[in-house]
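Shared between the two complexes below is chain A, which has chain B as its partner in the first and chain C in the second.
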Partner chain A sequence: MFDLAYQTIVVVIGITAILASFGVILCASPIYSALYLIGNMICLALLFLLYNAEFIAAVQIIVYAGAVMILFLFIIALLGAKKEEKTSSWEKPAAFAFVPVLFGELLMALTADAGRPALGQFTEELIASVGNAQAVGMELFSRHLIPFELASILLLAATVGVICLAKFPAKIGGRRTK
Partner chain B sequence: MGSQFVLFISATIFCIGAVGFIIRRNPLIMFMSVELMLNSVNFLLVGYSKFTNSLDGQIFALLIMVVAAAEVVVGLAIILTIFRTRRDLDVDHLNVLKG
Partner chain C sequence: MIDTVTQFLSDNLVLIVGAVKAAIIAVALLSSVPLLVWLERRLMGRFQVRLGPNRVGPFGLAQPFADAVKLLFKESIVQGSADKFLFFLAPAVVVFTAIVTFSAIPFGASFTLFGQEIGPHVANINVGLLFVFAISSMGIYGIVLAGLASNNKYSLMGGLRSSAQMISYELTLGLAALGVIIVSGSLNLVEIVEDQAVVPNIILQPLAFILFFTAGVAETNRAPFDLPEAEQELVAGFHTEYTGMKFAMFFMGEYINMITMSAMVTVLFLGGWNAYFFEFLVPPVIGPIIVFAAKVFLLLCVFIWLRSTFPRIRYDRLMTFGWKVMLPLAVLNLMVAGFFKVL
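Up next is the complex of A and B:
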């Protein structure tokens, strides 16, 4: 009974995530796309929770649905939410020919390995005994320490790059404006 | 159901993101489509980390979030610079590299 309810909730949230992602690419105005994207990210965070990844769910809400989407909305407010004019181009038929092939390939490649046994050491009982965040932290700071430090260097580099892009005024007509 | 469901949802959202990236011409919406694709991969990694009793998938997802945050910040700064220079955001009209 509990298992059936769990499966139903997972399926409903997954379908909601798919519908929200359709909303992202079909809305004419970027502000509605951003709102649908927030919905999609919240659905995925709920799915992370249902798949026993509480820490990643919290990070998803804070970083993605919070910081990144606030940044998007700021930029949309700054640039103005103009609708794009409809013109016919060759990209649409190309997309509708290319993407089903991609989808089929993804499903084939992913189902080929579906019967893999659960070999890892982090069983649900072990993670439940120490807590998900602690388990992720121990793993992150022991086996994955170097990628973690590299990520911090990447964030520093991105910060410096953005300050450089934003600080110096854009050239207009080949002449720097002060 | 289990892992099949995870990879179906993930592949579907990834393909929707790919379609959006190709057919839209507003660079902001193209960026949001890239975010969709990154998020779908995160979901796949987290789902499989449960099914294989391993935490590596969750740590990968965390690092993907870091890279995505850095990428969004730099990309939006570039879009803002292009807008300040040209007053136009349609990517079809951007056909010269010179500022």
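Up next is the complex of A and C:
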């Protein structure tokens, strides 16, 4: 009974996420596209929540729905939210051909390793005993320490790069232009 | 028939208790808004050596209700150039996020009622602090959308200013709260309060307290940081085009956010419902809630005091202050807190 209700909720949220992502690419107005993307991210956070990953759900909302998408809306507001006009180009048929290829790859990935479920060392009981944030922290700072630090250095370099690009005028022909 | 009903009730007791608590808190928050408006107008009157509203009812207490009736019966104007859906969505987002944010905040010690242990909070979330930040950061959308949907240059400017300001000060808010997390070692708000049973965090983390409160004032768009609605330059910013109840909803959101921010400061720094030296005066069940409410009330008065004392600061100074003063101080505080924790 409860399990059925749980599965129903999972499926409904998953379908909502897919519909929202269709909304992102099908909407003519960039504001509505951005709003659909926010909806999609909230759905993903809810899925994390349903799979007992409270910490990741909260971080998903803070980082993606809260910070990244606000900047998207900010840019849309700055550049003016004009509706797109429909134009035909060669990209469309290419995209339509690309989608089944991606789905095929997804199906192959699902069927290739069906016997071995992708389970980590953290079971539901273990997470409940050590706490959600602690579980993520222990994984991140022990087994995945080097990738984590590399990613943080990459982000720092990107930040410094953005400031350099924005702050100092570009040199054209060896001369500083204002 | 009766059996199935009682069976259903006892099976879903957790859900029912949660729903009742959610309803009580939502109603209490919404009905405290007019009282807070009354308090603000009365106190502002005293601060500015005038009387404030004192004609309607005793001490002018019926004034906010008269105002509410007026706002409800006002004509709702939606200008033709506005995006109708977003125009209606924006105030709803502001009020919704403001109420939901409060659901994670514990405002009293848990007690037993009819054999059930009841904690005075809607949800005791494992990552409660992050939940509060997550939902309150969604509240910015209401203001940005109001600016975008109104199709008005002043509104757009107000919305943009507001989002830039809230993003900037959110960082300081989060980093200041991290200092508290380092001290108490938990993201759970109930555990953070219980950790302060002997010494409140304001003594251990005085700099974090000042940073958090200042950033909190900026987050709630209150004076002296009320740039989005600067009357002289922006003719009231993002809510220029709003009338009637939709206009009032923005203020409801702002006042509820004030209460939530005061409650967060109380939970994180002032020791929540711990009364310290006055513990012997506190009655058992209702007492902790009164202690908590008294601390929140004190902080709300400070909010009003700030508004009537400081002039609004200039926009570039606001940004400079946020990024070049508050943020480095918050990082410094974090490093010092981490250093002492390792020690």
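Keep in mind that, in the parts below, the second predicted complex is superposed on the first by the 163 of 178 C-alpha atoms of A that agree within 3 Å, B and C clash if a C-alpha of one lies under 4 Å from a C-alpha of the other, contacts with A are read in each partner's own complex, and residues count from 1 in each chain.
The rule we apply is simple: a residue touches a chain if its C-beta (ideal position, glycine included) is under 8 Å from a C-beta of that chain, and two chains touch if they have at least 3 such contacts.
Model, not experiment: these values are computed from the prediction.
After overlaying the two complexes on the shared chain, residue contacts for A:Ile38 are found with chain C alone; chain B is out of touch. Once the two complexes are laid over each other on the shared chain, residue contacts for A:Ala133 go to chain C alone; chain B is not touched. Judged by the touch definition given at the top, the superposed model places A:Leu78 against both chain B and chain C. Looking at the shared chain after the overlay, A:Pro147 reaches chain B, while chain C stays out of its contact range.
Looking at the shared chain after the overlay, A:Phe55 reaches both chain B and chain C. Counted by residues of chain A touched, the larger count belongs to B, out of chain B and chain C.
By the document's definition of touching, both partners, chain B and chain C, reach A:Ala67.
When the two complexes are laid over each other on chain A, chain A has residues 55, 59, 67, 71, 76, 78 in contact with both chain B and chain C.
Residue ranges of chain C in contact with chain A, taken from their complex: 83, 86, 125-127, 130-131, 133-135, 137-138, 140-141, 144-145, 147-148, 156, 159-160, 163-164, 167, 187. Per the touch definition, chain A reaches chain C in the complex via residues 31, 38, 54-55, 58-59, 61-62, 65-67, 70-71, 73-74, 76-78, 81, 131-133.
Listing the residues of chain A that touch chain B in their complex gives 7, 10-11, 14, 17-18, 21-22, 24-25, 30, 33-34, 37, 40-41, 44, 47-48, 51-53, 55-56, 59-60, 63-64, 67-68, 71-72, 75-76, 78-79, 82, 84-85, 87, 89, 91-92, 94-96, 98-100, 102-103, 106-107, 110-111, 114, 116, 118-124, 127, 135-136, 139-140, 144, 147-148, 151, 154-155, 157-159, 161-162, 165-166, 170-172.
Put simply, chain B touches chain A in their complex at residues 1, 3-9, 11-20, 22-26, 28-29, 31-33, 35-36, 39, 42-44, 46-47, 49-56, 58-59, 61-63, 65-74, 76-81, 83-85, 89-90, 92, 99.
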